[in-house]
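In the two complexes that follow, chain A is the common piece, with chain B as its partner first and chain C second.
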Partner chain A sequence: MSWTEAHVRRLFWRAGFGATPAEARGWAKRGRAATLDWVVDGPRGGARLRGPAPHLRGRRLDPADVWGDDVLWWVDRMIRTTYPLQEKLTLIWHDHFATAQQDTPLMLAQNRMLRRRALGSFRALLGDVTRDPAMQLFLSLADSTKDAPNENYARELMELFTLGSGYTERDVRAAARALTGFSSRYDHSGLVSIAYRPDQHDDGVKTLLGRRGRLGVDDVLDLVTAHRDHAPFLVAKLWSYFVATPPSAATVRGLSATYRRSGLQIKPLVRAILSHPALYANLDAPDLVKCPVVYLAGALRTTGTYLTQDYPTWMLHQMGQMPFDPPSVAGWDWRPAWMSSNAMCQRFALGNYVVTWGRPRVRRGSAPATLTPRQAFQRAWSAVGEPHVSTATRSTLEHLAKHFFDDLDPRWRDTAGWRGEALQATLRHLLLTCPESQLH
Partner chain B sequence: MVARRSGRILAGAALAAALVAAALGVGAAAGAGTARLARTTAVGIGAREYRFAVYRARVRRGTVRFDLTNYGQDVHDLVVETRGGRRLGRTGRVRSRSRATLALRLAPGTYRLVCDLANHAARGMRTTIRVTR
Partner chain C sequence: MPRSIHKGCDDFRQTSAGARERWLTPRLTRRQALMGALGGGLTIWSQQTMPWARVLEAASAQAAGAPGVRVLVSVFLPGGCDLLDTLPPLGAYGQYADLRGAMKLDAPPALGATGLGIHPSLTEGTGGGVKGLFDAGKVGFLPGIDYANPDLSHFHSRHFWETGLVTERAAPGWLGRWLDHHGSRENPLQGLTLASTLSPVLATSSAPVAALESPTDVALDVWGVGGLQERQMLDAWARLAGAHARGAGPQSVHTAARLAKSVGDRLRPYAPRQDGSDPLAPPVPYPDGDTLGERLSRVAALVAQPLGVRLAAVDSDSQFDTHDDQPRDLGDGLRSASQSLAAFQADLEARGIADRVLTLVWSEFGRRPRANESSGTDHGAGGIAWVQGTHAASGILTDYPSLTDFDSDDNLKVTVDFRKVYCSLIEGWLGTDAAEVIPNAGAYGRLALVR
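Presenting the complex of A and B:
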């Protein structure tokens, strides 16, 4: 497979939040293997944050206490991280193990756990999710006792988190019994702890997925991840975040084998998906809709724009993807569902935001009205990070540039810099919001 | 299938103002409210039946902005009062999955935080916060 800047851009968008022009050029030269290694393994020494920390008009972010700062805190990580795949997987696991309506400090703690486990063992991730306070409270696993086992978590564990099929109601009830014993403790300021209390655990004999015994919490997690339906389920789910077309049966079989052989490690599976030719199909016609978080973080990251305002929180809310608040335990509805008319309006507002507050804002005197249409387009395209643009869109924008000054007496164009700047702002906005920019 | 939780918290006036600014091209000047935050300590509080979770139990003197989110099913509110029972401020009634803020200048001391709707305080929606020098 050849390896071009278009390949790098595709990979960086799918595995993260886009490529800057320098990244696209640099990694195209280094080649496919080196690029994949860097994307999947991340930098030596782990992720770091590059560039200035957010200061919103002089104040630092206060993620636990100021509403919306939790969202900005995470978006900032997406913009500045040196290991974008880790942030992308954190977002994916937040959707997969969707949790909402819990106190902000608990959600932030869960987010840190998802990031720590993002590319490691799925079994370990599942163990931490099962014991995570925010999840336990959301799905009523906390305080599920032997006298009153709650089935919520057991049901979603099998339906949404690990299997999707291949289990029965009897299995759900058995798993609920085996998962009993977690007990919450509160003081006057809120939750103190959730601890496992053996006296609240049902230690009777259960039969789960064909196995009979005095099963406990880890037995349940071992059984669901060892089930024959688990690997194909997780493969198809992870694939859907990276590739628009569903995987063939043979692809699912191959990726499932990779996942099982690795001992249920996430990184080799993700590496195999990111290496698959299907990910690089139709480089000139992207077909995966950017979810709002990726659209926003990607627009900021690829244009070198750091957070200085709190508008992104409100915009994500209106675009339909508020981090830390998925609409249900099933997560968000993906793909074309992101493109409602209201959401699209907000995507246009984001273009305004970037052109107004971001690095691509037009400096006074920087764009004379005397540029040729091609020069005007080129300048705008460079300013917004050289995104993929179709020939048709490029032609349309150059046509706009050509006729932008038709109402102006040609003798005045030398002194009509403000009109040239207006054209630049318009072109940059349209490049950030055109149909191609909504896809990757 | 369990009944799945759904719905979104809708912010109030702050959200509307931000959206108007965004729709206008985000060219509006920096919001005065945000500028004030620089001199304010925020205290996040989660309310549900029948307890408060206070994310920051101790703050420094000055303006304290209580940022209340109602994660519960019932309507709740937040009343701030001195230990002697003198009421200093109260949010409006906050519906399920909504939020409200209450900013007060507080001197060093200990203050009571209660929900004064129905018997919510008696059932557990009462706590304290300490303001230090």
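Presenting the complex of A and C:
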């Protein structure tokens, strides 16, 4: 398989938050294997954050206590991390194990756990998620006792987290009993702890997914992940985040085998998906809609823009994907559901913020009105990180550049720098927000 | 902290599981069901995606099918508005002064021959503000309103008022349930929230509803680019949006890009013009820079358009949770309410639509009769609400609570259940059976709120 800048851009967008022009050029030269290794394994020594830490008008972020700073804290990681796949998987697990409406410190602790476990063993991730305080409170696993077992977590564990099908209502009830025993303790300042109390656990005999015994918490997690429907379920789910077309039955079988052979490790499965030819189909016509978080963080990362404003918080809310606040336990509605005229109007508006405060801002005196349409386009395209642009888009924008001065006397062109700058702002805005840039 | 369990009369302990599900199942209240949002200034909640053209079509069809239809407007004063300072009892002024100490109102204007006074801020605005409306027979006050065993949590109490159900469980709003029974399946503008998100009062199970902060923010706008260049930019956008797209993702993006432009174009008649003039500009003056007034002016303007608006919900921006410095904060909040509501009434009358609009002003609870140490009052029971409009019953419509006989928590004794008011409005103004919307509706009795 050949390996071009277009391949690198596709991989970097799907596995992370886009490629800068330097990354596209550099990794195209180093080749496919080296690029995949770097993307999947991350830099030696683990993820680091590059570039300036966010300062919002001189203020440092306070993610636990200032509304919206939790979102900015995470978006900043997406912009500056040297291991984008880890942040992407953290976002994917946040959608998969969707949790909301809990205290911010609990949500941040969950977020760190998801990041730590993002590419390791799925069973270990599931174990931590099951014991995570924010999740336990969200799905009523905390204080589900032998006298009053709550089925909420047991049901979502099988329906949304591990299986999707292949279990019965009896299994839900049995799992709920086996998962009892977690007790919360509060004092005047809030939650003190959630602890497992054997005296609150139902240690009777249950039958779950065909296994009979005095099953406990880890038995449940072992049984659901060992179930034959688990691997195909997780494979199809993870695939859908990376590739627009559904996997064939043979692909699901192959990836499931990879996943099982590795002992339910996430990284080899993700590596196999990111290496799959289907991911590189239609390089000149991207077909996967960017979710709002990836659209926003990608626009900032690929243009070299660091956080100095708080607009990402409320823009993400308006575009329909507020991190730490998914709409339900099923996560966000992905794919075409991201798109509506309202969402597009908001995505269009993002252009104003990036072009006004970001690296692509138009410096005074930088864009004389005497540039040719081609030069004007080229300058705008470079300023926004050389995104993929079709020839049709390019000619539409050059046409706009050509007629942008129609109402001015040609003799004034030398002194119409202000109009040249308005053209640059318009071209950069359209390049950042046009339909093509909503896709990756 | 463990959530305090409401010990009041949970309507649902008395009913079957099936009956509970009937009242509680909220579908469109889940953000998951939020779809078909249209335009930056307008969000639609619906179970079906609705192309913009169809929304306008459905709106004008509904308006044409029922011209002159009645409209109910809900105005919420958040935080728990104090009864004693809003309508000080002149007949028991000594007791009032003892309870309120230094923060008492010194010589509140009298409210006719009712034996009650009124907060001076409520005399501000067009024609003497809310007091002027009362004097003109267009306001009926409901002192002592609340429910039995009041829950003093903002969150819980607000939820009860919003849903018309005394339960902590999620449920559609009481006006949302009315739309589920009697609204259109097609027209989201029938239930209009003047805010960027849906008011819980108007959350529905199935009927489409809409939230609108301002119809002026929907244009595709590049900052600093206007005139000919803006038109050229929009033409370029239309070409980019019209490009051929293959596959579900690209098609959804291009469709949304086209729709975003057409929504901006279609709402342009309602957007401010280049010369600064505003087509929704009210025919009467509203208070300057007051958000409540601005929202009410848009309600009046949109009710006057053929859009089929039946119900509207507006929140005051003021804070009525006056734990300290009540004289200042309550004065500010009531001034904004008085000026905005008086302007709203004048606006409706100037547009000739006043006879079909009734407004309910409410707050989630009242406040403790005895002042605290910070010139404020703590959460209490027995609050204040009122109905306003040319068809509103006027006067003092409920018993004023005693200032000597408090409940066991030293709060005012509740004299009227808010669900009695809801049932009376549903039957007296909207003209439908209250039992469809309020469980156990027969138990609350009725008030004559409409004339």
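Please note the rule applied: the second predicted complex is superposed on the first by the 440 of 440 C-alpha atoms of A that agree within 3 Å, B and C clash if a C-alpha of one lies under 4 Å from a C-alpha of the other, contacts with A are read in each partner's own complex, and residues count from 1 in each chain.
One rule holds for everything that comes next: contacts are C-beta pairs under 8 Å (C-beta built on N, C-alpha and C of every residue); 3 or more make two chains touch, one makes a residue touch a chain.
As the structure is a prediction and not an experimental result, all values here were calculated from the model.
When the shared chain is aligned, no partner comes close enough to touch A:Ala416: not chain B, not chain C. Within the superposed three-chain model, A:Tyr311 lies in touch with chain B and out of touch with chain C [touch as defined at top]. Look at A:Thr393: by the touch rule set out above, it reaches chain C but stays clear of chain B. Of the two partner chains placed by superposition, A:Ala6 touches none, neither chain B nor chain C.
Once chain A of one complex is fitted onto chain A of the other, the partner contacts of A:Ala226 are absent, as it touches neither chain B nor chain C. Within the superposed three-chain model, A:Thr356 lies in touch with chain B and with chain C [touch as defined at top]. The wider contact with chain A, measured as residues touched, comes from C rather than the other of chain B and chain C. Once the two complexes are overlaid on the shared chain, A:Leu430 sits against chain C while remaining clear of chain B. In the overlay built on the shared chain, the residue A:Tyr186 is in contact with chain B and with chain C.
Of the two partner chains placed by the overlay, chain B and chain C both lie in contact with A:Gln346. Shared interface residues of chain A (contacting chain B in one complex, chain C in the other): 186, 188-190, 318, 327-328, 330, 345-346, 349, 352, 356. Residues 186-190, 244, 285-289, 318, 320, 327-328, 330, 333, 335-346, 348-349, 351-352, 355-356, 390, 392-393, 396-397, 399-400, 403-404, 406-407, 419, 422-423, 425-426, 429-430, 434-436, 438-439 of chain A are the ones that touch chain C when the two sit in their complex.
Contacts from chain C toward chain A in the complex involve residues 1-2, 30-32, 34-40, 42-43, 49, 52, 196, 218, 220-225, 227-229, 232-233, 235-237, 239-241, 243, 245-257, 259-260, 262-264. Here chain A touches chain B in the complex through residues 56-59, 62, 64-67, 100-105, 138, 151-152, 155-156, 159, 186, 188-191, 309-311, 314-315, 317-318, 322, 325, 327-330, 345-346, 349, 352-353, 356-357, going by the rule given at the top.
Against chain A, the residues of chain B that register as touching in their complex are 1-2, 4-9, 11, 15, 18-19, 21-23, 25-27, 30, 34-35, 37-38, 42-44, 46, 51-57, 67, 69, 71, 97, 99, 126-128.
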